[in-house]
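Heads up, the next two complexes both have subunit A, just with different partners, subunit B and then subunit C.
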Partner chain A sequence: MGLAQNVVFGLVTGSYIAIAAIGFTLIYGIVNMINFAYGEYLTIGAFVGVLSAGMLPLPLPVAALVAMAGGGVASLVLARAFFTPINDTGPVPMLLTSIGLGLALRNLIRLTGGRSARYFDTETATYRFDGLPDLAVGPVDLLGDLFVTSEQLVVVGSAVAVFVVLHAMLTRTDVGIAMRAMGDDESLARVRGIDTQFIRDSVWVVAGVLAGLAGVLIGIQTNVSSSTGFSHILQILAAAILGGAGSPYGAIAGAYVIGLVLALSTAFLPAGMTGISTAVAFFILVVVLLVKPSGIAGQEVREA
Partner chain B sequence: MRHDGKEQANRRTFLKFAGAGGLAATAGCLGLGGSGGGGDGPDKIVFGQPAAQTGQWDFLQPGVSQATDAAVKHINDAGGPLDADFEVVRRDTAVKPQEARSVVTQLVENDDALALLGLFSSEINPLFDFLQEQKTPVVTPWPGSNFLDTRGGDHGTPENLDDDEWVWRTVISDTVHTAGAAKRALDQGHSRVGVINGNTEGARSWADGFVNAYEEGGGTVAEQVEVSQGSSSYQSALSRLFEADFDAFAVSIPLEDAITLLGDWADGGYGRQPILSDPLAQDELPKQVGSALDGAWAASPGDAGPSYDTFESEYNSVDGDAEINGWTAPAWDATQVAALAIERAGEASREAVEKNLGPVTRGEGTEVASFEEGKEALADGDEIVYRGAATAATFTNFGNVFGSVTINEANGGSFSTIETIPAEELRQFVSEDEY
Partner chain C sequence: MSVGDRLPESIGDRLPDRSGDSALALGGVLVVLAALFVLTPISATLPGALYVFLEVAILFAVYGILVLGLDLQYGHTGLVNFGHVVFFAVGGYTVAMLSAEDPFAGIGLGLPWPLALVAGIVVAGVLGAVVGATSLRLRDDFLAIATLATAEIFHSLFVNFRGVFGGNTGILGVPQPVKALAGDTDTTLLATLLLFGGACAITFAVVTRLTDSPYGRVLRAIRADELVTRSVGKSTFTYKMQAFVYGAALAGLAGGLFALYNGAVAPGYFTIQVTVTVWIGMLLGGASNHRAVLAGLAVIMGLRLLSRFALGVAPVSADAFASIRLIFVGLVLVGVIRYRPAGIWGDEKELGVDS
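So, the complex of A and B:
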């Protein structure tokens, strides 16, 4: 096992963080709020997916689509119920509301979904790449004995598909272009005749769909429980901030940085310190922000 | 209106009775006549049970709850301690110290619990000083932490509460059953091992106990990796661990994380012999990980106490189908021994329980297998020695018990017991003055 294998692990981790972080950062960039309840949207999607696959039972890809729909609906309904009414009160009430909503949702899911972890019934295949040329450089083995599992391929493939669809949406569709316009200047967008409430609703739906997908992808690798989303919200937040809050492309870059740091720090930290890999990821976050306070792809704030 | 002497006397009589009645009613509301006051003949005796009804160890609680409920039923069927109704109030701590602190306060202050039949290492260790301040006996079936090896108990002086540390456990320490795991690993010829453990107190304690015993037995730990629990992937950590050269690897992490970790291990095809911490001997693990786990084994606290059959019979007689695990029989023992302590004391108070926990388990006396037998023997004026279901339940001066260790092996999707290591073979690993 060498550097290349850990890069693979990091790319897989970065992929599901990226999918979730895009949704998180879209909400920040366009609705202008940090939604701490977003982790619970992952949990809702994961539960919808695992219940669809286990109880109905639906094939996993169909269950994932149902989970995405569930995440989108939940996100829109919750936004309409809790965030839209206080939209004009400023970021702090919205932030506090999201924290309260997150707590309420987590406990509601725990009460209704049960306390036991649930598992997707997946058949794992492991693909090995032993025949690749040995490109060892000094003590670092770059490609020897590389492996990847079918679930990991699904995660990375899903992320690539999301990036392509997202890019197409933001650059080729009226809704996507309107989202970017609102993200740049909501007042100007409104003056130009954009239906800002419709765009907000669209953002909530897109973010919820992405959360649902991320929840399923985390679930097929580990399990689904009431803490699924909560245990990942800090990584998602870190990726979004690292990439430049509000920038979907930055969130992708930030997620892969976090994923790679998590994998590589665990692999190469001194013995006995590997348990602090998450702390290392946040240390990297702080270092990057010290150098570039707006994040990797964030726009610089200019003094008037 | 006339005020003759008879009328005045009647009014005084009325006021006396009304006052007495009101005082009695108020006393009831204030708990003055309840179980915590220490008076003779209480109507009700309450124990508290801080429980893992949610959280990462919640899969173990159903068996412990069922054992406790069975013990409550048995004790009430036998007439109850001091002929009072016996009740256990269960509250969820989620195995979080802060919630545990709140739950302990509620049980002691509001529920008037005379003893607490729960708390994990993860809760007891950070709350140890707080628990001392409560002056309420904690008789718990959970904690294996070696932190408690030299803490707790009555220090061999039951009547003197000044040197007491109020924590007793009816499950054997990690020091004992990790010694069993280390002994078996060495017996199997594994002279070098890797260790991967989670970052909570319980997970670390098992790993520390195993490493100490294994190295004392002559083995070498080639690599130890600690991981953050709740991760979506443990492959980087496994990659790190398996760079080292060893024959077998020990895993100490809660069940849900272990399923992910060992699933990653199976997917990666790392091979080598897995040695599991005792909480992992649950059928859910091989069921989720699959056949790659066949042959993996765990050393668990043994259910080899002299009264195991009594426990098992009562356990199966109550509602519920919870799987028996390593903490189930100790939960029965904890309830029995605390109730017997009250019966021997003849009074219902926390101090009385604390003073009598040692005497009902040690020394000379009529050996009893349950509260029912103990109550009868005490009524006859005999001293009693409780012989437990999980172990003999003879408390050491530090409030610990010693017992056998069973080896449970995974095969075909479930665990089965393949070997029992007698307590005597493990005594060499545990110094008497340090346990």
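So, the complex of A and C:
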């Protein structure tokens, strides 16, 4: 397999990690917590997507929208139930709560959804992306033997769409501008009359919607199981911290770095060591934390 | 506001009590009793119904050593180590790899077990020093993530490097010295429980000595206010590092004992659930109070015991039951943090949870 093929895998992986990492980093920057249960939000979204696509059945794009809505609702409800009441206790209790919640959610999904993996049926006509040429039919004569599937194009395209919408939201809408203001200085934002609780809730919804989309995209690429989110949370974390936790644009860059490193590392690791990618992602994370012990540039400025 | 006002009251006037000495005596008695069963022809006969109690009690003693080390790190020094299981695992794996004969998969050098046990403690301590050197300057929640990361890295190494760590099977053929000496199952169980209980009590005594001394006062001062502690001339990093290494070495001891009792190590014994269990025990009982953390651990392990009995009568499969138990464990962690942030027997003022 050529190097170029690995780059394609890296860009695809980077795309869905980026979508999730934006949501994760918004929670970090504005609610000021590391939400370790965030991976389970991806799983919830993926399950809502695969169930609505398979049972109702809905066309895939509609199922993805349902999954995004499900992710947003779940995120807001869980935040109101578990995180909002302990908002003032500091980062450590919030983190520990999210670890406990993640453990409970993961097993709740396993209990109700079963242990076996589920698949998006991308082969049948209902779920074909009719408008797109199926490039997987043969090697694309661009950089030698380069395969690109329509599913991969959907993942990368969704990510680009998310980046555009997110940028517009953060720079053009009142809610987005208020989010950035709260990320910079919460008390100042409150003095300026920003309804901080409303903005927090908005962040939870946006993060949940992004998690839902990321979950569906991962599901399209591989499969959906109760461990879908948990097996990606470490990469999401690494991307967010690598990009400077709290910075959405940094998270995008961090996600593509992680994606490419993971994809290229498989080229150098022996076969059968795919499970090691978790270790690779976390190794990157630890190295980044070593180089920048405070974790975040923005945080240092604020505390000074 | 003076420094004295900022430090919790109990730090200044916490005086040594006799609990360390009585624990030491208890530990000695238990070890002697264990030796009686192991080294003499005396043997025990137990009703079969007691087996499950003994198994959970042995695990409690092992986790007790873990939680005492964790309490030294978090309860006293304020270090949020959420990867405690990695030191437990590294202790266990080191002992297994050095002492196992015919390990089926992975490395087994067949060295004498006492040597392996010492090596397990040392290797866990060294790993603690490496993790500490790289991570202790991090903000609390980033330290938690970095330690969690370390644990996940090692877990995936254990699973993926089959030639070295035996993969998912782990390493079999670890010597079981108590079993070899005691002979029958009943005597082995009882002697192991006495021996591990003794080890746990002696650990309690040592940790209590350490934290009752002026040294322990510095640790608690670091947790209360690191900047102030540094301003009175204490090298807080050195103290944090020492506390971290002591905790890691204790976890290594627990891991080594576990391997020698169990006769095998595998990734399945060293999951994040172990970390969560000892954290719940510590938070439930009340961090920074050694007796309280053991009591908290007893509560959560008691629930584990109850759930074993519940499994027998519950109308669900073992797999579904495992999920239900973990849902419950996760929610207990959430509930403890929300409703009993200082724990059942903890000192709210000392932990500063009301601030």
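What we mean here is this: the second predicted complex is superposed on the first by the 247 of 304 C-alpha atoms of A that agree within 3 Å, B and C clash if a C-alpha of one lies under 4 Å from a C-alpha of the other, contacts with A are read in each partner's own complex, and residues count from 1 in each chain.
The definition used in the following text is that a residue touches a chain if its C-beta (ideal position, glycine included) is under 8 Å from a C-beta of that chain, and two chains touch if they have at least 3 such contacts.
No experiment lies behind these values; they were computed from the predicted model shown.
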Practice problem: Report for A:Gln221: first if it touches subunit B alone, second if subunit C alone, otherwise both or neither. | Solution: first
Exercise. Check the residue A:Phe147 against both partner chains and state whether it touches subunit B (first), subunit C (second), both, or neither.
Key: first
Quiz item: Is A:Ala263 touching the first partner subunit B, the second partner subunit C, both, or neither of them?
Solution: first
Quiz item: In the superposed arrangement, does A:Gly157 touch subunit B (first), subunit C (second), both or neither?
Solution: neither
Exercise. Could you tell me if A:Arg110 is touching subunit B, subunit C, both of them or neither one (first, second, both, neither)?
Key: both
Quiz item: Just subunit B (first), just subunit C (second), both, or neither: which does A:Pro59 touch?
Solution: neither
Exercise. Share the list of subunit A residues that count as touching for subunit B in one structure and for subunit C in the other.
Key: 110, 115, 273, 275-276, 278
Quiz item: Of all residues in subunit A, which touch subunit C in the complex?
Solution: 33-34, 82, 85-86, 89-97, 99-108, 110-111, 115, 234, 237, 241, 273, 275-276, 278-279, 282-283, 285-286, 289-290, 293-295, 299
Quiz item: What residues of subunit B sit close enough to touch subunit A in their complex?
Solution: 53-54, 58-59, 199, 223-228, 230-233, 235-237, 239-240, 242-243, 256, 259-260, 263, 266-269, 288
Quiz item: Of all residues in subunit A, which touch subunit B in the complex?
Solution: 1, 5-6, 9-10, 12-13, 16, 110, 115-117, 119, 124, 126, 128, 147, 149, 218, 221-223, 225, 227, 231-232, 262-264, 266-268, 271-278
Self-check item: Sites on subunit C touched by subunit A in the complex
Solution: 80, 82, 134-135, 137-142, 144-146, 149-150, 152-153, 156-157, 159-160, 272-273, 276, 279, 283, 319-320, 322-324, 326-334, 337-338, 341, 353
